[in-house]
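Each of the two complexes below includes subunit A, the first together with subunit B, the second together with subunit C.
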Partner chain A sequence: MSTPVKYDAVESSAAWRFSDRIGLAFCWFLGLLFCAIAAAIVIYMLVKGIQYVRPELLTTSPTTGFTQAKTGGFLDPLIGTFIVAAIGIAIALPLGIAIAVWLSEFGRPFALARVVESTVEMIAGTPSIVLALFGTVIFSSTALAFLSRESGGVVFGRSFFAAGAMLSLVALPLVVSATREGLQAIPAHVREASYAVGKTKIATTRRILLPAARPSVATGAMLGLGRIIGDTAIIVVLLGALQNFEPTGSVFPFDYLQGAGSTLTNYVYSNAPTGELNNPQKAYAAAFVLLVLVLFLNAAVDVVHRRSRKAGSWNS
Partner chain B sequence: MEFLKPPPVRRLDLEHAPEAREAPQRHDEHSNGNGNGNGSAPAGFTGARRRRIGAPQVSIPRMEIDHLSVAYDGKLAVKEVELPVRQGEVLALIGPSGCGKTTLLRSLNRLTELTRSASLSGRVTLDGVDIQSMEPTALRRRVTMVFQQPNPFPMSVFDNLAYVLREQGSRRGSRRALEAPVCEALERAGLFEEVKDDLSHPALRLSGGQQQRLCIARALVAKPEVLLLDEPCSALDPQSTEKIEELIVKLREDVAVVIVTHNLQQAYRVADYVGFMYLGDLVEYGGAKKVFGKPDQGRTRDYISGEFG
Partner chain C sequence: MATQAYSLDLEEELLSAEEVPRWSDRRAELTLGARVVAVVGLLVAMVVFVFIRGWPSFQHNGLSWFTAGGSVDNQLQTIFMSGETPGAEPVYTLHAWPLIWSTFLITGGAVAIAFTCSLFVSVFIVEFAPEWMRNILQPVVRLLASVPSVVYGLIGVLVLVPFVNNHLITESSRASVDHIISLTGYGLGTAVVILTVMIAPLMISIFCDGLNAVRKSWLEGSLAAGVNRWRTFWKIAVRTARPALVAGTVIATARAIGEAIMLAMVSGGVGFTPNPFDGAIFFVEPSRPIAPTIVANIDGLASAPSKSTLFAFASLLLFSAAMLSFAGWIARQSMKKYTAHV
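Entry: the complex of A and B
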């Protein structure tokens, strides 16, 4: 009997061909470079931002002043960010889920489904400044005057409503594709099992498919939220890019929503060293808050995924 | 362009290989297949014991399949099949892959209609009523189905069954009102003892065998007349398979059972009647002992003896 030979459990790249090893080294280099760039941005912005973030910045409104000590905080932009995010996702989520369900579960006639599919892809590829410009056309029409300010027959066309509605288009493709992916990951025999106990397609979708796809829907919604709160172009064009709220009208929550205002992105934009207001410390502090919000959303996506993995799934 | 040559096929030189040994002699025990009171088992089924306490007590005709043909894109998958489905008996459909047994099974609760390319001719009746004249959702509550892969819904054990009892998409029907039928179905599926302490346990975290019995309970909770099983044990281990086979035999008293299986031993163990299908034709239909013992058709004999499959 021969003595058993011991092998390493893992294949070593030392045994690879030379050209393959160069390729591997190149991949490692690129991967590490990318990590370094991402780490540099995040760490620099966090370190720089945390020097200037003060709790009172989050609770005071911006004011005009000649020194940075007198320009107040960014309460209004912070609330504005939450408002556009809420409006945007409130439109994008139901619409996106409906489109995804139709595409994945019904999708007839076939030609129409393909058209809808490429339309969604087209919106995903459209620069948000183009969406913003189109938004000015829509929201300046007299029929939609109730969504913004009107004076002397001229519709202003800038409001939280207008910005939120256009921003929902930024989030929509992400919600659609994530939801579709979630639905398509459900094996066909699970749907059939529900039909086989006498359930209709609608009941199956509502009670089985959408709950099963919930982690994917949540992921899409959070990625969409990330895009909304990070968008600047639509805010500048359709929200007025002010510093403070500028309510118009008299009924409480609607006066703010109908009026122009600001978000953290346009606050950073105008307070950046190159911006018209030039309060770099405030810009860094606001950018820090924005970054923390986005990182928080990413972490939430992670949590949702981990939890869904724990809940178990089917063999396909 | 240059392509890599495929590696040469390595053949073992058996005569000169130092470690080649003679295969151990098999001791086939043809002589003593008489151990279970069901007459001598046919060759090849000596290990399989029929799961029977006695002959079926009742035999009530439930479904009648009459000249049923099913085609996909004009290509016939099931050709002019005639079969009775009776309560009190287990009907097993056997045959090689792609012979149309699953298609036949799925046309019994009109699940074939979900495939867009499928077309149907012939007649299937349930208690004398043509199933084409019935509402599909109503039919599918009376003719329920269990699939090859365990597929509990992503909710609790209780909700899996309550979902069937509730009106379409509604959530109405309190837990207390539904508790009795749910527990009864779990009991019939032999799962109640294992889950009774925690009915809100997520169904997808049960073991594979438990999941499949939950699927059977789910198929039973609507009190169907016919239970269709599409290779229910092919994803399960032997112990779970045994439990489910015993369950199938027990269930045939109050529900007509049709089982599609690839596993001839399993068909022999559970079936009262067997239909052998080949290329869409129902080649042979008859009592299990006859089909496995002395089949009329040469093709059945060849299939059962393992000549092809």
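Entry: the complex of A and C
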């Protein structure tokens, strides 16, 4: 955000009409209300987290049991979260950068560029539950049976591959817009200097523009990661409403990726009182861990921002 | 620092200038273009597939799909069973009005409240908040935007719902509708409150960008004419930033329509049509919008008619999202004439 107007002498609101002063008071009220809501959420989750998170929860797998003490921890969902995040961002990052580079550096024909812009906008506006349903269409097709489990000609269509691939679409628009912003912030003379020494467009992009836009790309990637980690609808539909890993096949890393499983969001969802398992303590603990992950990503975005600002922009 | 890195890179490039480029521009453009076209194709495929899969449900019901009639949950159950029973004729009969009405109410309520709040908060952040307050509010907004929806849902279920149930619903009002629905705190009001908190940060960040982009000289002109800061900002900055207001509202509305998990948790699991003429009870009546209905009936993917119904819901969501961005685009086009290009 750019710096706001600096008035040498700030006008006192005492001279304003009464209605204007009411409006300003309303602003303060809402601003403080938002702070209070955020503080309430964080403090409440912190209290519940300290109350229910035990180190052994992070290292034991979920088990079925009748009391909350016997249902185990959430090691599997925690690892599952990392797996879908890795798969999702591994697809979204290269694809997002490619789209952003094409839009910002090539963008011909013009009509196609407009179509691509609206496509990215549409993907951003598509509800993740719709993406999930579309995922069931893709991954239940027999051509993609190798990405999930198949029994008797019926493709199961639920696996880490499927969930990760659809989640990459959730992160894609964030990566594209952040990267594009970063590329467009680089002034034209930088490109021209590179062309002047005989560099091709793509060499310029790879060696000069993308390295310069690295903070923006990193920001986009982390925002995308946050969305992937926090998404539940796609996980519920495409990963199966399970608790533990259910490996399929025999080759080591792929049996897990091909199989169904769970992530933290899915775990919280089914352990909430409205879910099938109803272990609120476990739900609190898992939600706390999830919130910590997301806040950590948020803090990382801030650090990247501050560093890139300290490094100076092209115009200074 | 960035400039330095760039000049170093440039020297390196100069030294290796004789190297034949591995990637010609033409090839690079085609490779990138292929990926771009693939993504466009994926979106088109999604729209086509979702509509084709959902078509039988629309086809069998015609326009009565959108009307009221009977219990939506019973209809969904019948549809599901008809696909599970071998040899049975598939049933598609569905009157989805309760779900559509609920989507209207919850989305509309949340967007209306969130718009008002966000406008005031972003005006506050951009212009009137003191430096320290701004430094608190900006991270707070980012934080609220990044809390996963399932965490909002959990807090709703374990904090807000019991509160509404214990303090806001009187026994007499509970008894008065006992024969139709049970009021348990899961319902419209809870859903709208949480959804508002979820979508307001989205609006605030886009509104702030728009308000920040207003030319300072325009504001200064008004201030020089003796108009006070409050009036100046509302009359000039907020008006100039109208395209940003539209863009933010469209994005937030799309998010609200598509929100499934949080609403599946707090909106109450009944396809009920809340009646505004019920008085205060209206705000605590349960009702389930379209997106959470898909989540609640996701097991229906196993049964053919049920699957088609779910895809019909999904195509309705897709259609509304597309119409929203289209309407937003039209609105921004007509505003462009009168406002600065933001």
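Just so it is clear, the second predicted complex is superposed on the first by the 292 of 316 C-alpha atoms of A that agree within 3 Å, B and C clash if a C-alpha of one lies under 4 Å from a C-alpha of the other, contacts with A are read in each partner's own complex, and residues count from 1 in each chain.
As a convention for this text, a contact is a pair of C-beta atoms (placed from the backbone, for glycine too) under 8 Å apart; a residue touches a chain by one contact, two chains touch by 3 or more.
Predicted model only: the values in this text are computed from it and were never measured.
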>> If we overlay the two complexes on their shared chain A, which of subunit B and subunit C does A:202 touch? Say first, second, both or neither.
In response: both
>> Under the stated touch criterion, which partner chain does A:211 make contact with: subunit B (first), subunit C (second), both, or neither?
In response: both
> If you stack the two complexes on chain A, which partner ends up touching A:136: first (subunit B), second (subunit C), both, or neither?
Replying inline: second
>> For A:303, using the defined touch cut-off, is the partner it touches subunit B, subunit C, both, or neither? Pick first, second, both or neither.
In response: neither
> Regarding the shared-chain residue A:90, is it in contact with subunit B (first), subunit C (second), both, or neither?
Replying inline: neither
>> According to the stated criteria, A:154 is in contact with first (subunit B), second (subunit C), both, or neither; which is it?
In response: neither
>> Quick check on the superposed pair: does A:47 touch subunit B, subunit C, both, or neither? Answer first, second, both or neither.
In response: neither
>> With both complexes overlaid on chain A, does A:311 touch subunit B (first), subunit C (second), both or neither?
In response: both
> In the superposed arrangement, which partner chain does A:192 touch: subunit B (first), subunit C (second), both, or neither?
Replying inline: first
> Taking the contacts subunit A makes with subunit B in one complex and with subunit C in the other, which residues are shared?
Replying inline: 190, 193-194, 197-200, 202-203, 206-208, 211-212, 311-314
> Which residues of subunit B touch subunit A in their complex?
Replying inline: 109, 111, 114, 136-141, 144-145, 147-151, 153-155, 163-164, 168-169, 202, 204-205, 215, 218-219, 222, 235
>> Which stretch or stretches of subunit A touch subunit C in the complex?
In response: 1-2, 4-5, 11, 13, 15-17, 20, 23-24, 26-28, 30-31, 34-35, 37-38, 41-42, 44-45, 95, 98-99, 101-103, 106, 108, 112, 115-116, 118-131, 133-134, 136-137, 169, 172, 190, 193-194, 197-203, 205-208, 211-212, 226, 229-233, 236-237, 265, 268-269, 272-274, 280, 283-284, 287, 290-291, 294-295, 297-298, 301-302, 308, 310-314
> Taking the complex as given, what residues does subunit C use to touch subunit A?
Replying inline: 1-3, 5-6, 9-10, 12-14, 17, 21, 23-25, 28-29, 32-33, 35-37, 39-40, 42-43, 46, 49-50, 53, 117, 120-121, 123-129, 133, 136-144, 146-151, 153-155, 157-159, 197, 200, 208-209, 212, 216, 219-220, 228-231, 234, 250-251, 254, 257-261, 264-266, 269, 291, 294-295, 298, 301, 310-311, 314, 317-318, 321-322, 324-325
>> Which stretch or stretches of subunit A touch subunit B in the complex?
In response: 187, 189-190, 192-200, 202-203, 206-208, 211-212, 311-316
